[in-house]
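Below: one structure in structure tokens.
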Amino acid sequence: MSLRQAARQEIAMTDIDRLSSRFALHDLVSEYCLAVDERELDRFLAIWWENAVWDIEFVDTFVGYEGIRRAVRDVIWPMWQSTAHYCANLRVNFDGPYKASGISSVYCIGNLADGQAANAVGNYYDDFERRGGVWKIVQRRVNQRFFTPLAGISLTPAGNA
Amino acid sequence: MSLRQAARQEIAMTDIDRLSSRFALHDLVSEYCLAVDERELDRFLAIWWENAVWDIEFVDTFVGYEGIRRAVRDVIWPMWQSTAHYCANLRVNFDGPYKASGISSVYCIGNLADGQAANAVGNYYDDFERRGGVWKIVQRRVNQRFFTPLAGISLTPAGNA
Amino acid sequence: MSLRQAARQEIAMTDIDRLSSRFALHDLVSEYCLAVDERELDRFLAIWWENAVWDIEFVDTFVGYEGIRRAVRDVIWPMWQSTAHYCANLRVNFDGPYKASGISSVYCIGNLADGQAANAVGNYYDDFERRGGVWKIVQRRVNQRFFTPLAGISLTPAGNA
């Protein structure tokens, strides 16, 4: 790449491309929540690169689509009857036009397998990569701060009210 | 419109216009929460088109400003003493420069009419339209996943603490 | 400044600059949550101008870095063993290229000093200023709607589960 090309690319990253990329990264973070809650496996896998690493504190480290598939199918979805993930406070840092890192805060509430409500409080530490023009997650480290069963509470389907 | 104009418009949608529209749609979703919580009717009505449809699962379908006014005045505000809506995970898809759809996750906590705290967990499925350069909601479907009274808990005004 | 310069500046504010500024303001709001939760004082101070005013309803008004340092060190961090702040619904209004105001909704959950869980529900009303090209908070008013101890609940470190 010529210096002129490099300069042009850097300029691109500093305005429209950076703004569009910000939204693209935010979309990945949102899609994680929506797809895991709605238990849509293909949609969930689509946010990760095929060599992605998903490191969940106090649980395990899952590698690649095989590992990620195992994490949701064999660990998260059986453990929870239902989940609602809310992700906030996303901060992004770009490391050139092809790499970025992010940090965000997650609140999750749901019913465990036995119907008892619980909430989880944590942070996501993400590494994103852009390959062929597309941003996806290449590594997500989940910092699990709190995991708290909510004694005496079970989330109730609204239709039963 | 000439082909050149159409092409320019499409280009506009793919960069600055798309980015600005993303924020405009996010603002509608935020304003819904803020206005319903602060019980500001005019502010709340301003996010909807006059022929908008608001379909709240397990409650009713409300049509137009008359219906929307009735929904907040006769249903939501009397049912809850107070609400705090938090909307996250907004995903947007544009269907040309004048239509878009969105999905987001909402967590609501508040006190019911009798002072008992409750929370609600759901999703918003939105259709947005741009008319005369302005984006508003033309349809919102509320998927009510959970509605749970929080036994023994009543949210307490901070000034009483 | 000539009229032409003023016009050009206004144009700048209406597109790329406005979009970039929106993200910059959102970053300040996010960083407040992340830094106060992780108890990183320098990171927390970096979001405020040196003459900033932080007015926390039912608590006190804190002025400048000395006041802000006192607020977190002597009031918030001792009062809470841990906090998780989630900020949503951010709405921004620009008042020219150097001033903006914002409103957002915050949900905070954590353990109080004695280990009892509590949540807080409120809104942030912010005034932002851009000085030397950098946006920071010049005033934050915290409207504390609810502060509620969660009887019988203590957030549990995930590693203990």
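Residue numbering begins at 1 within each chain, and the chains themselves are lettered A, B and C in the order written.
Rule of thumb we're sticking to: a residue touches a chain if its C-beta (ideal position, glycine included) is under 8 Å from a C-beta of that chain, and two chains touch if they have at least 3 such contacts.
The shown structure was predicted, so the numbers you read here are calculated from the model rather than taken from an experiment.
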item: Superposing rotation of chain A relative to chain B, computed on C-alpha atoms, to nearest 5°; value: 120
item: Interface residue overlap between copies chain B and chain C, same or different (over half shared); value: different
item: Centre-of-Cα separation between chain C and chain B, whole angstrom; value: 24
item: For chain B, residues that touch 2 or more chains besides their own; value: 16, 19, 86, 88, 107, 152
item: Contact set on chain C toward chain A in their complex; value: 16, 19-20, 23, 27, 29-31, 33-34, 37, 82, 84-88, 107, 109, 117, 152-159, 161
item: Of all residues in chain B, those that touch chain A in their complex; value: 15-16, 18-19, 22, 57-58, 86, 88-91, 103, 105, 107, 119-123, 144-152
